[in-house]
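Both complexes below contain subunit A, partnered by subunit B and then by subunit C.
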Partner chain A sequence: MDYALIIATALGAIALYLLLPRGRANMVKLGGLASVLAMGVGITYLIHWTAAAHAGHTGIIENLFFYAFAALALVSAAGVVCHPKPLYAALYFVLMTLAVSGLFIMLMAEFIAVVLIIIYAGAILVTYVFVIMLASQGGQTPAAQYDTNSSDGFMAVFVSFVLLGTVLQAIFCAGPAGFMHSLPAPHAVAHGLGSLEVLGANLYSRYALPLELAGILLTISLVGAVMIARKNEPVAHVLGTGDLPAE
Partner chain B sequence: MQTFGNPMLYHYLALGAALFTLGLIGFMVRRNMIMIFLSTEIMFQGIAINLIAFSRYWQNADGQSFVIFILTVAAAEASLALGLVVMLFRRRQTLNVDTWSEMQG
Partner chain C sequence: MVGVFIAHLIFALVMLGMVTGIIAYLILLERKTAAWIQDRIGPNRVGPQGLLQPLADGVKFILKEEFMPIHADKILFILAPIVIIAPALCGFAVIPWGGDLAAGTALPKFLGGWAFPHTFHVMVANPQIGVLFVIAMASLSVYGVVLAGWASGSKYSFLGGLRATAQMISYEIPMVLSLLSVAVVAGTLRLGPITDLQATYFSSVSFLPAWNVFTQPVAFLLFVTCIFAESNRTPFDLAECEQELVGGYHTEYSSMKFALFFLAEYSAMITGSAVAVALFLGGWHLPWIDQLLYHGAQPVATGWLGMLLKFVVFWGKVIAFLFFYMWVRWTLPRFRFDQLMNLAWRGMIPLSLATFVMASVFVYLRQEGIIEHRGWLLLGNVVLIGIMFAVTELRPADSGNRRMYVLNSRYNPIPASAKAELESAV
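So, the complex of A and B:
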């Protein structure tokens, strides 16, 4: 058991519970304070843990990029979950995608980082934003009640953070055989780990069949999305009769 | 092997677990259908961080290949889910999931 970890998790749970959109009775400032406290305790714990594992060396300067990207990802993920306006939440999601792809670059997965930005920030989020704008007609109407008031969510936050606490205990209390390993140094990593060459060779040799199945899945979902989202109009008079539709 | 220059494995595992938890809470708490599906994308990214960290740790590209598959599934899921959302929005003119709570089966 590690009490600092429990304190950080509990603070995070309180912060997220306070930050959830709740109409007029918003407690954003209190929740923000609690989330800053939670992240402070968490980062301090990580630094102390690193110092214990590395004989006094905290690595805080070297890990500055990690802490910056991690804090950005966590803050913007909380923004997605807690912002009452869907469009702003989608923009927070773009910010989170950028932070995560920064972490991928630190992990020497450069191609995946770029693909993540292209697919998530470029394709998926544009679709989301289109649907959000389609569904919120009329520019100046007040925000919908189901956006400004979330479900109560006490049990959701409680259960999720108990899950998080359990996972973190499993990570940090696994002993020397667990996850205390440092990652291999960049110059010791096999050549071209994040490159398209290595990834493509792996995808087309070892995972060739799953790759074909992924292509089939994309085709099916394309057809399915078109079938689901079209309007329910009779189209028989246009298609299949041999006549051209009227201009 | 002294490698202070980069974060260690547990840094990334803890961050991935935290992102997954935030997405899970968003999935259960939000009442807007679009936001529910956006929360699942947060969970996908938390898992992708885990996979990439282990790929770096074991120095092979399997984890990165799995992230490619996760991206594929995420794109398919987003297109189908948003098609469903558009269809449901046309029926009731609202995005509130509670209006569909009496759905049977």
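So, the complex of A and C:
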């Protein structure tokens, strides 16, 4: 058991619960304070932990980038669930995708990083934004009640943070030595694991069958989309209002 | 290490200066081209031949009143111009514009005379995912348009934003596929090597340079069409067509914010042309003259003079391509929206898939050692075009321009048969 970690997780849970949008009194300021505290505790813990893991050696620039991207990812992830306006929530999702792809680039996994941007930010979220735009038209129009209030906020926060706490305990309680042991060394990652050639070779040899199956699935869904989108041609295209003339 | 960092910093600054400087003069070029095509004189009052016009435009933009509609969403309204210009400029980072500097090339004396220990790529960044980076930045540029359209709180902006989004999403697919069919033949996603592979000829006697535009003309055609659509220019400028939507998604913007939309459009054009030049038009390769200068194909790694030559050639090609952009804009009329969507989904996406499959088959046959020469790829493209025309003939006739019947209309009354069916349906 690691009490600092438990405190950070609990603070995070309280912060997120307070920040969730509700119809009655908003406790955004209190929630903000709690989230700052939670992140403070978490970052302090992480700094101590990495210092122990590397026996005092800290690559200060890489760590700075890591903390910046990680904080951005956390804040924007909270923004996704906490912002009362749906369009802002979707945009926070885009920001989170960018932050996470920044973290991937730091791990030398450039391909995953760019694919994350292309697929999530460039395709899926554009569709979200498109739909939200169509649903709620423009500017300062107030959104509907069901869009602004979170439903079952307590249960959601409770379950997700219990899960998060368990995973964090499992990772960090093994101690720096145990955890670092199970990871490939940084230079091994730099010289191949993340590179396109290795990825491609693996995809087309070891994982050829899953890849082909995914391809077939995509083809089927493409055909399905075409079938759904196909219009049943009506007899006549009628514009205008009013009843049919009564002959 | 520090030397390499400084060199990259210098390249980044040179590129930023080039792009923003060129944008200013592109606007003048655009107006001059328009005037030339429409048989006018064009701007000629500020400076000799109107050459100081961009300066006057810039000052005017800054001095204009900032206006924000009362129904606008303030944060997103301010964010939109920033979001649209950042990816448009970022995409340029991976463009190779000067080949390589050979190992041992020394910096000029006043910069310390420090020599490069290894061959040095003259570009801002050379990640292994080059082409994908370009695609990612292009896909992010949709957000600026969407946000501007939505945040303005105006119907014209909103409709413009909707149209632009639908169009940009649709044309992204054939663009990506045409880029990938080039990358799969080159065997890499880095833009540098893809350019380097083109700096040669079909064979020693042939005078046709082995640029990708000659080996894969179909992919080139698809790509050019798509970058026209991605930058929302005529004939694809439905998002901002003046006759219907005032100004489209940037109707409500004024002053410097409007200027940023303008800058973003032009920098997207420059990046698009630079990618087209690097991937399809041989990049820095100077055809025919290189045989006089180097007695053969131009080498990839050269000293400073060679790099300067490549720089000039590359930008010459880019500016020629930009002129082509403008030529098209002032020549072709605008598409109708259903024609636009049909072109993308029923024409270009199947064709680009076919191109991609054909390129993959070529790569497979080359790996097996069955065919070697790039000419086979050209032959495959010609066959593909033939098949496309044959299929177009066989396809059931498109209903094309449908007649819209309007109730109680004198010109398009509902035909009697249709009316009976409609009544039974009601």
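Methods note: the second predicted complex is superposed on the first by the 189 of 247 C-alpha atoms of A that agree within 3 Å, B and C clash if a C-alpha of one lies under 4 Å from a C-alpha of the other, contacts with A are read in each partner's own complex, and residues count from 1 in each chain.
In this text, contacts are C-beta pairs under 8 Å (C-beta built on N, C-alpha and C of every residue); 3 or more make two chains touch, one makes a residue touch a chain.
Predicted model only: the values in this text are computed from it and were never measured.
**Q** Would you check which partner chain A:86 touches, where first means subunit B only, second means subunit C only, and both and neither mean what they say?
**A** A:86: touches subunit B, not subunit C.
**Q** Looking at the overlay, does A:123 come into contact with subunit B only (first), subunit C only (second), both, or neither?
**A** both
**Q** After lining up the shared chain so the two structures overlap, which partner does A:115 touch, if you call subunit B first and subunit C second: first, second, both or neither?
**A** In the superposition, A:115 contacts both subunit B and subunit C.
**Q** Please tell me which partner, subunit B or subunit C, touches more residues of subunit A.
**A** In the superposed model, B touches more residues of subunit A.
**Q** So, does A:46 touch the first partner subunit B, the second partner subunit C, both, or neither?
**A** The answer is first: A:46 touches subunit B but not subunit C.
**Q** Tell me the contact category for A:73 with respect to subunit B and subunit C: first, second, both or neither.
**A** Touch status of A:73: first partner only.
**Q** Touch check for A:133: first (subunit B), second (subunit C), both, or neither?
**A** So A:133 only meets subunit C here.
**Q** When the two structures are overlaid on chain A, which partner does A:64 contact: first (subunit B), second (subunit C), both, or neither?
**A** Neither: A:64 stays clear of subunit B and subunit C.
**Q** Touching A:96 in the superposition: subunit B (first), subunit C (second), both, neither?
**A** first
**Q** Using the superposition on chain A as set up above, list the residues of subunit A that contact both subunit B and subunit C.
**A** On subunit A, the overlap between the subunit B and subunit C contacts is residues 111, 115, 123, 127, 134.
**Q** Quick check on the complex: what are the subunit C residues that touch subunit A?
**A** Contacts found on subunit C: 69, 71-73, 76, 127-129, 132-133, 135-136, 139-140, 142-143, 146-147, 149-155, 157-158, 161-162, 165-166, 169, 172, 189, 402-409, 414-415, 418-419, 421-423, 425-426.
**Q** Please name which positions on subunit A make contact with subunit B in the complex.
**A** 12, 16, 20, 42, 46, 49-50, 53-54, 57, 59, 62-63, 66, 70, 73-74, 77-78, 80-81, 86, 89-90, 93, 96-97, 100, 103-104, 106-109, 111-112, 115-116, 119-120, 123-124, 127-128, 131-132, 134-135, 144, 146-147, 149-151, 153, 156-157, 160-161, 163-164, 167-168, 171-172, 179-186, 188-190, 193-194, 198-199, 201-203, 206-207, 210, 214, 217-218, 220-222, 224-226, 228-229, 231
**Q** Once bound in the complex, which stretches of subunit B touch subunit A?
**A** Against subunit A, subunit B makes touches at 1-15, 17-19, 21-26, 28-32, 34-35, 37-39, 41-42, 45, 48-49, 52-53, 55-57, 59-62, 64-65, 67-69, 71-80, 82-87, 89-90, 94-98.
**Q** Provide the residue numbers of subunit A that touch subunit C in the complex, in ascending order.
**A** Touch residues, subunit A against subunit C: 87, 91, 94, 110-111, 114-115, 117-118, 121-123, 126-127, 129-130, 133-134, 137-140, 195-196, 235-242, 244-245.
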